Amino acid sequence: MNRLDGREWNELRSIQIETDYLKHPEGSVLISFGQTKVICTASIEERVPPFMRGEKRGWIAAEYSMLPRATETRNIREAARGKLTGRTMEIQRLIGRALRAVVDLKLLGERTVWIDCDVIQADGGTRTASVTGAFIALAMAVQSYHEQGKFKGFPITDYLAAVSVGLDAEQKTILDLAYSEDSQANVDMNVVMTGNGEYVEVQGTGEEASYTRGQLNDMLDTAETGVYEIIQLQKQVIGPAAASIEEKFSDDGSGRMV
Amino acid sequence: MNRLDGREWNELRSIQIETDYLKHPEGSVLISFGQTKVICTASIEERVPPFMRGEKRGWIAAEYSMLPRATETRNIREAARGKLTGRTMEIQRLIGRALRAVVDLKLLGERTVWIDCDVIQADGGTRTASVTGAFIALAMAVQSYHEQGKFKGFPITDYLAAVSVGLDAEQKTILDLAYSEDSQANVDMNVVMTGNGEYVEVQGTGEEASYTRGQLNDMLDTAETGVYEIIQLQKQVIGPAAASIEEKFSDDGSGRMV
Amino acid sequence: MNRLDGREWNELRSIQIETDYLKHPEGSVLISFGQTKVICTASIEERVPPFMRGEKRGWIAAEYSMLPRATETRNIREAARGKLTGRTMEIQRLIGRALRAVVDLKLLGERTVWIDCDVIQADGGTRTASVTGAFIALAMAVQSYHEQGKFKGFPITDYLAAVSVGLDAEQKTILDLAYSEDSQANVDMNVVMTGNGEYVEVQGTGEEASYTRGQLNDMLDTAETGVYEIIQLQKQVIGPAAASIEEKFSDDGSGRMV
Amino acid sequence: MNRLDGREWNELRSIQIETDYLKHPEGSVLISFGQTKVICTASIEERVPPFMRGEKRGWIAAEYSMLPRATETRNIREAARGKLTGRTMEIQRLIGRALRAVVDLKLLGERTVWIDCDVIQADGGTRTASVTGAFIALAMAVQSYHEQGKFKGFPITDYLAAVSVGLDAEQKTILDLAYSEDSQANVDMNVVMTGNGEYVEVQGTGEEASYTRGQLNDMLDTAETGVYEIIQLQKQVIGPAAASIEEKFSDDGSGRMV
Amino acid sequence: MNRLDGREWNELRSIQIETDYLKHPEGSVLISFGQTKVICTASIEERVPPFMRGEKRGWIAAEYSMLPRATETRNIREAARGKLTGRTMEIQRLIGRALRAVVDLKLLGERTVWIDCDVIQADGGTRTASVTGAFIALAMAVQSYHEQGKFKGFPITDYLAAVSVGLDAEQKTILDLAYSEDSQANVDMNVVMTGNGEYVEVQGTGEEASYTRGQLNDMLDTAETGVYEIIQLQKQVIGPAAASIEEKFSDDGSGRMV
Amino acid sequence: MNRLDGREWNELRSIQIETDYLKHPEGSVLISFGQTKVICTASIEERVPPFMRGEKRGWIAAEYSMLPRATETRNIREAARGKLTGRTMEIQRLIGRALRAVVDLKLLGERTVWIDCDVIQADGGTRTASVTGAFIALAMAVQSYHEQGKFKGFPITDYLAAVSVGLDAEQKTILDLAYSEDSQANVDMNVVMTGNGEYVEVQGTGEEASYTRGQLNDMLDTAETGVYEIIQLQKQVIGPAAASIEEKFSDDGSGRMV
């Protein structure tokens, strides 16, 4: 056991979740995975993008950004640069796609939920913290509309959380990488799973390296335990939204993680 | 006395200041003026912009942004839009210019201090909260370099704070306007002052309206009392940096606000 | 008395105004403040921006630019650069806002007046020359529509002019700064006033410097005499539009500058 | 067996590879996976990007684009739009990252290899065809430099190929999806592997759907057989470069796919 | 006779034309003038640009691009740069304008034909190859719509082809310049002509040089013979479209080139 | 004789030239061709663009723009739009290329001459007025440097002027088209010629029309007489620069226009 912050190889960092963090958005949360801190908000707009008009379905669009000094050295603002980096594009596409996998877009109606994930402090795992926090903001926004009777049925179908896992420089599997670990890792994998224990997204990348099927399996096993823990936390903080989600589960629920 | 939030006409909102808010920047603060919340950071870079190279002087550059859902309805991100709005440009130019008025750029040396003001929640007065918070982040960053012996002398020459003042729909002077007041005001004035009671910036704008010299004078009197109170708060939170600033004052100090 | 061009401290530069300078715009003027020359045009468009549709009000939008060689060294064109500088944004926002303060937007009807200020030669005070010239172009465009019976009432409510004032390197107040003065000044203030002697905009900025309340008062007094002179000139050149404006004044008119 | 084009569920489309397709680039290929056709080129530049100067390592940068009418309905050119889409960014980042995993950047020296993948006809699987073709162009460009004695050792360490795999609407695993299959699939997975049978990239995405661990395993098994076949083809077309790569393999080579 | 590739001064390079080159576009061709290779496609869209709506006329819009490694040294992609170069703009405007000269836009109906010319290999004369190939793609797309009875009459009124001609360093006239010739030429002229032997576009440019009326005449004579040959080739490859065009010619047809 | 403004078919509009129009540029002129008015300036910068460094040659770069209300309806500023139109690009490339044809870039030394042509009022022929005026500004700027002994020899080798010519709706040749003529013309041709009667640029464009060789010849004949007249005017206004140019002519000068 020799992780820099004293964690076990399969141990998550301390996760803090402060819901209703901002007053304007329909749902908002400040989520921390260790020193990584992200403000996630969900804003419901009563219309869909032009390409979806008339389809009687909703949409979930996500945007991601980092404060210039979220990182050790200051980054140039994308607004000043005039365009988004590829990394930002990739992350915000991932967040939107992941959330859409647990939402019944027909039940959402012709509405767009805008998810904004703004990293105020970065220490590795900003995309997994963003997906995890975004789900909470989304659930709370949707629950508040649900309580106002705006949906025909509760549109969220399951929990959703994400975690990172990787192979360190000595090829050992580690869970929830901090920045100092991530920058040294041979393999970096992000896993997004539902409460039902299914995958929504698996992205495993060798950094000038490759990995075997056995290593892939170890990483997936480890990620699963991490996601399970995180969903337990989500369940606690979203309160009534959790009840609404669970009503959606079929009676048997065999094999569910949560 | 009929302000919406029960304040007197010349009463500031509650001001909260949390210093060392982020771990990476040399100076950082979360400042709230009522419901308006801004993260201000100061990042010191060991070089100056190209146009200043070789001048043996430093520079202070400021950037300002709002989270999309800092406001009641969601704003399009400037990074997504690909360019800054005129409002953002105007505010960030104001912040940089104001701070440069209380910094001896020669003592700063060939360094740039990047000031980032990111509004996470907006309820009026974001630019004055930004100037006020940015001064604190700057003072703390500069003090930390000062303690490392990096300057020939402490480069900050005085305190600096800002407040808004205006004429409401009934032409009455009010201090520190919340958004609901600002959107109804006939005149909106931002005043930036030093600890010595001098003006660095006065910007008074009629919104499809004009104002008399008498009204201007009333607004300036009111702003002065507000700035005085705010500087008292700054003084408390910046600790050792306050001592460094005050050593710069001449002995008599007659007429100083602080 | 030691201004570089021999003027008294409170003396304006020679102001030349050539109305109907271009054939296409509804109103146009070439205005010179000394060596500063600006082409100002007013173009009336029979619709408003999308965000105002259906409000039964008009809008005044202003754009400002400088020819690349208006200045001593050639500037890169903003069109080539692909974006506006902050300075341009700030000035064009000021021009639009100032003009809207003397226009009854309801009487204007659902129309946009586009104001274009193009500096062909710059020698300090381009923004005050622009506001002053833009008012003339606006008045002439509006008068021509008025004569065609397109308004329910004349929509301009008062004269409007602007002047700069500042503190020179020896802290003396000077009026209408030429570029050589402006670049040395400690304080630069732009004052926009109506014919009624009221303020529409006061912007006083210390350039790495601050100023006292007494100095502020001196600058405001000086600016007022400058604006008064300029409005006299406007009155002469706009002819029938002046009569239309003056009909709007109440009988007593006590305390009016013009 | 009911794929639209009559293939077995685990059957690749016909793959055509035309090397030395263009006269200017150091390496070039026209690769087809069925109706999907991509021109891949490798251009060697004798310098590295600014952020890598002096590190004595090379770099591989990839760019990806589609002709406007590569697809059934015409797409707006990204050059006309003025910015890249997120999809393009994501794909070109994937191509560059994948190739870097089989290149010893130190042996490459301070050079950049630019990989350009231009899709002239799209029918699903453009990113996997691009990775596969880009490897060939890279190998041929590197071999030609190698023959000129420009490297201390052959910098490519292994073969590299990619294939797509997915779950169709009936949750059955299918290999190498054509567009008509891809647009109906529940899960879309791209797998990039080395000649050694290791993973460089696994990206499995539920499209408004999720998938189980068992399904993930089936897809990985299927992808592996596809990659194995493709690498056999690569080996045939790259000729002398294949010999150079194989010299790098250790003697035993146990478990190698090729 | 000393052209680098052994051609006579008035000899075209070998021209290859592969029609129906791509499966999606209504018309497509791969055209080669020697080593210059361009993919030209014609896409018919059932609407016109906003500025033409309701005019009961169609439009032809052209876009031009080069693959980054079409040239000897790699060019930065215009999509990466974020804007088109002046050269690209000039060429695509020329292509669109030239084609519109032989199309009856009223017979086209309220449709836009998008012409895309993508240079995959450049060796001089890309714009003339583009015009020539674009005409073929257009003719084939229009013929296919014509066969479906979508037009009131066949909208193409004549053949159209282009060729380059120039003065080499010794002031001798040469036809169809390859890149090595073009980069040394004193004068570069592009001539676009109809099947009727008339000019649609003549653009003759001295490259830091000028030319006499006699030289201009020689170049025009030479271009005419080149265009004549090219139109013969077009006629062969477009098959039924040629018949449709020729039906448009008046009976006598005196003086026609084809 | 039936031109709208009463001119003969081969008659130029009245041409006015005001030299030294602005105080900052090395050369400047306000040129009018009838109602078309363009400010042309020449700015000499003591360096060349990066791609030319060390070549011991100079460069001439041109930029062109129109004030938004130079035209009958207001145009959106290219700076606001964030990019140049194709038309602007085309014109500024033409101006630069044309001027370079009469300048010995080696004699210019490692300097860039920036030509700025800003159309303040447009009534047809802005590009030919720009070329003509730009030559005057260039000649005056170069002459002033020449008088300061900055060149080894006078770098301008000949006069340069441009004129438009066209075929009207009745296929008649007309010289120097005003906007009302240009917008109706079948063919629009711009001809740039030297004082020696040679062509630098011929651009003849059918507007949804074509033209015969005979018509081309008529247009060229007519353009030549127009250019001749314009060069006479240039000669008068550029004074000492004319003498410097003429010293460059060989003794016989047989066949020279001027």
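The first chain written gets the first letter, and so on, giving A, B, C, D, E and F; residue counts start at 1 in each chain.
To be clear about the criterion, a residue touches a chain if its C-beta (ideal position, glycine included) is under 8 Å from a C-beta of that chain, and two chains touch if they have at least 3 such contacts.
Treat the numbers as computed from the prediction; the structure is a model and nothing was measured.
In terms of the stated touch criterion, the partners common to subunit C and subunit E are F, listed by label. Per-chain Cα centroids separate subunit B from subunit E by 61 Å. Averaging C-alpha coordinates per chain places the centre of subunit A 28 Å away from that of subunit D. Counting partner chains per residue, subunit C has residues 82-84 touching two or more of them.
Taken chain by chain, the contacts form a single closed ring in which each chain touches exactly two others.
With the ring opened at subunit A and read toward subunit D, the chains come in the order A, D, E, F, C, B. Residues 22-25, 28, 35, 39, 41, 43, 45, 63, 65, 67-72, 74, 77-84, 88, 114, 116, 118, 120-121 of subunit A touch subunit B in their complex.
Listed in rising order, the residues of subunit B touching subunit C in the complex are 83-84, 86-87, 89-90, 92-93, 97, 100-102, 105, 193-194, 196-213, 216, 220.
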